[in-house]
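The following pair of complexes shares a single chain, chain A, combined with chain B in the former and chain C in the latter.
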Partner chain A sequence: MIDNLLNITLLAFLAITAFAIIRIRNLFAVIMLFGIYSLLSAGLFVVLDAADVAFTEAAVGAGISTVLMLATLALTKNHEEKPPAHRPWLPMIVVLVTGAALVYGTVDIPSFSDSEAPAHKHVAPRYIEEGFKETGVPNLVTAVLASYRGFDTLGEVTVIFTAGIGVLLLLGRRRGRKRGDEDNNET
Partner chain B sequence: MDFIFGHYNYWIVIILMMAGFYTVISRGNLIKKITGLNIFQTSVFLLYISIGNVEGGTTPIIAEGVEQYSNPLPHVLILTAIVVGVATTALGLALVVRIREEYGTIEEEDIHKQDESL
Partner chain C sequence: MKHNLILRVIAKLLIPIIVLYALYVQFHGDFGPGGGFQAGVIFSVAFIFYALVYGIETAERVMPESVLRILASLGVLIYAGTGVATMLLGGNFLDYNVLASNPIAGQHIGILVIELGVGITVSSVMLLIFFIFAGRARQ
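Presenting the complex of A and B:
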């Protein structure tokens, strides 16, 4: 009961925060609200029994993402978004139509926390019953992440590596060229 | 009533998803666009975790006296997605910084104007 109450309240807070992010034009406030949004969703993950996801979201989503965005704000020195030149009717229509189609799609989804849903009938029972015996790790999420789906995690590391190289190439080039410019000025 | 409570999570997820989508397509500021992209992304995480929840289940850590666990598979997929999401956000923000250096602005309209005048 208390879980359901928390679930409903946190989801309502998330929706309010998302609308505030759309409305507010001060970018610093937007980034802070985004941090709050991530933290709220981390709280919601705890309520929904996903402790591992919750602390990853709190550390990575609310922590690192917010810091990265603040760093970008400091580098771009742009603190206020320009007001839109005209009322964006077309995006609004696109969003409403897409949303309506998605809501129509949810009618056939099994109810929330239904233990008979197809999602819980495929490989999950095997992980839960055999996971501890086969891997010796009591935390099933860790067991699946590192053992059963280890290649997924390897792929994840590849993506992060690629993104890291991308960031270094984009931002490192600038420093190199600036140094080059300074050299030219000196000579 | 059961139907509303059984689908409330999915509907809020769709509202959040559309809020993020709207921010991405209607706002010209690039930092705001990336915030919208992140809202969209987190809403997908919520969808998966909501689907993984089981009535009367607990966190999927083996303990004595626990009969019902939540589905661990969506949790694993979303753990991966969160970390990949931050990597892509970092790349997007690096692009914003580069664009600001080249164009002196991060407003989409101003960038288009400069491109046209070239």
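Presenting the complex of A and C:
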């Protein structure tokens, strides 16, 4: 009961925030709303008992992304240009058709916490039954993330590392010095 | 922001708590929610907070970009190195059972070490990206 109430409230606020993000032209306000959107999603994850995911969403989505977007905003203008006056009907139809397809897709999804769902039939029972015995780690999420799926997590860390290298190569401050070096070589 | 006394005092008060909390999330991830990813982000948030209040130059003196670059690679190296170490000890890649005399202790060591690698890489990459973005804004 209380879960339903919380879900409805959070989802309503999510929808309101999304509409506000579309309508508002002040980019600073939009970034703040993005942060609020992430925080609301984190709340939804808590209601779904996914504490680890909620944690990540709150820290990365509401925390770091907001700061990074603000840092980006400092490089650009604070205000979005007025949108071109095109007709909204074609995008509207595309969005409605996609949305209808997605809603149609949810009909086949097993209901929340259905123990007969295919996702709970594959390897999950083994993790739940044997996870603590095999790893000795009470938090099953950590056991799966770090031990059973250690290889996947290595991939994730490599992705973050690669993203850092990419930003470093594209925006790194070394460029200025290198230009100076070339100037020295020319002269 | 040189004269913002309240902000500076509160930042001084909060930053150690944020760092402590990050370490708690890092090393308590086995028992409660959290782990390397979350801890790394929280850890970097403490430095970003410091940079926002005290200026980026001061923060870069505390944590120079060259150190961050090394740390970012070090985290991945620790993670992959654990895998190589388990292979050298006769197990599969990232099979922590062989790290200690009994499998449970091995799993514990393995998970702790790779989570540390994750935390180091995530926090240093986040800080690196922040410093680069903020540094461009300054130019």
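Rule of thumb we're sticking to: the second predicted complex is superposed on the first by the 170 of 187 C-alpha atoms of A that agree within 3 Å, B and C clash if a C-alpha of one lies under 4 Å from a C-alpha of the other, contacts with A are read in each partner's own complex, and residues count from 1 in each chain.
Rule of thumb we're sticking to: a residue touches a chain if its C-beta (ideal position, glycine included) is under 8 Å from a C-beta of that chain, and two chains touch if they have at least 3 such contacts.
Model, not experiment: these values are computed from the prediction.
K.L.:
With the two complexes superposed on chain A, say which partner A:Thr158 touches: chain B (first), chain C (second), both, or neither.
P.N.:
In the superposition, A:Thr158 touches chain C alone.
K.L.:
If you stack the two complexes on chain A, which partner ends up touching A:Phe34: first (chain B), second (chain C), both, or neither?
P.N.:
Touch partner of A:Phe34: chain B, not chain C.
K.L.:
Looking at A:Leu171, would you say it contacts chain B, chain C, both, or neither? Reply first, second, both or neither.
P.N.:
After superposing on A, A:Leu171 lies in contact with both chain B and chain C.
K.L.:
As a test of reading the superposition: which chain, chain B or chain C, is in touch with more residues of chain A?
P.N.:
B
K.L.:
Contact-wise, after the overlay, does A:Phe112 reach chain B, chain C, both or neither (first, second, both, neither)?
P.N.:
first
K.L.:
After lining up the shared chain so the two structures overlap, which partner does A:Pro138 touch, if you call chain B first and chain C second: first, second, both or neither?
P.N.:
Touch partners of A:Pro138: chain B and chain C.
K.L.:
Looking at A:Ala15 after the superposition, I want to know if it touches chain B, chain C, both of them or none. Which is it: first, second, both, neither?
P.N.:
So A:Ala15 only meets chain B here.
K.L.:
For chain A, which residues belong to both interfaces, chain B and chain C?
P.N.:
51-52, 56, 60, 64, 68, 71-72, 75, 138-139, 141, 143, 145, 153, 156, 160, 163-164, 167, 171
K.L.:
Residue numbers of chain C touching chain A in their complex, please.
P.N.:
Those residues of chain C that touch chain A are 25, 29-35, 37-38, 41-42, 44-45, 48, 52, 65, 69, 72-73, 75-76, 79-80, 83, 93-94, 96, 103-105, 107-108, 110-111, 114-115, 117-118, 121-122, 124-126, 128-130, 132-137.
K.L.:
What does chain A use to touch chain B in their complex?
P.N.:
Against chain B, chain A makes touches at 4, 7-8, 11-12, 14-15, 18-19, 21-22, 27, 30-31, 34, 37-38, 41, 44-45, 48-53, 56-57, 60-61, 64-65, 68-69, 71-73, 75-76, 78, 81-82, 84-85, 88, 91-92, 94-96, 98-99, 102-103, 106-107, 109, 111-115, 117, 119-120, 123-124, 127-128, 131-132, 138-141, 143-145, 149, 152-153, 156, 159-160, 162-164, 166-167, 170-171, 174.
K.L.:
Any idea which chain B residues touch chain A in the complex?
P.N.:
2-3, 5-12, 14-23, 25-29, 31-32, 34-36, 38-39, 42, 45-46, 49-63, 68-76, 78-80, 82-91, 93-98, 100-101, 105-107, 109
K.L.:
Using the touch rule from the top, collect the residues of chain A that touch chain C in their complex.
P.N.:
Of all residues in chain A, those touching chain C are 51-52, 54-56, 59-60, 63-64, 67-68, 71-72, 74-75, 134-139, 141-143, 145-147, 150-151, 153-154, 156-158, 160-161, 163-164, 167-168, 171-173.
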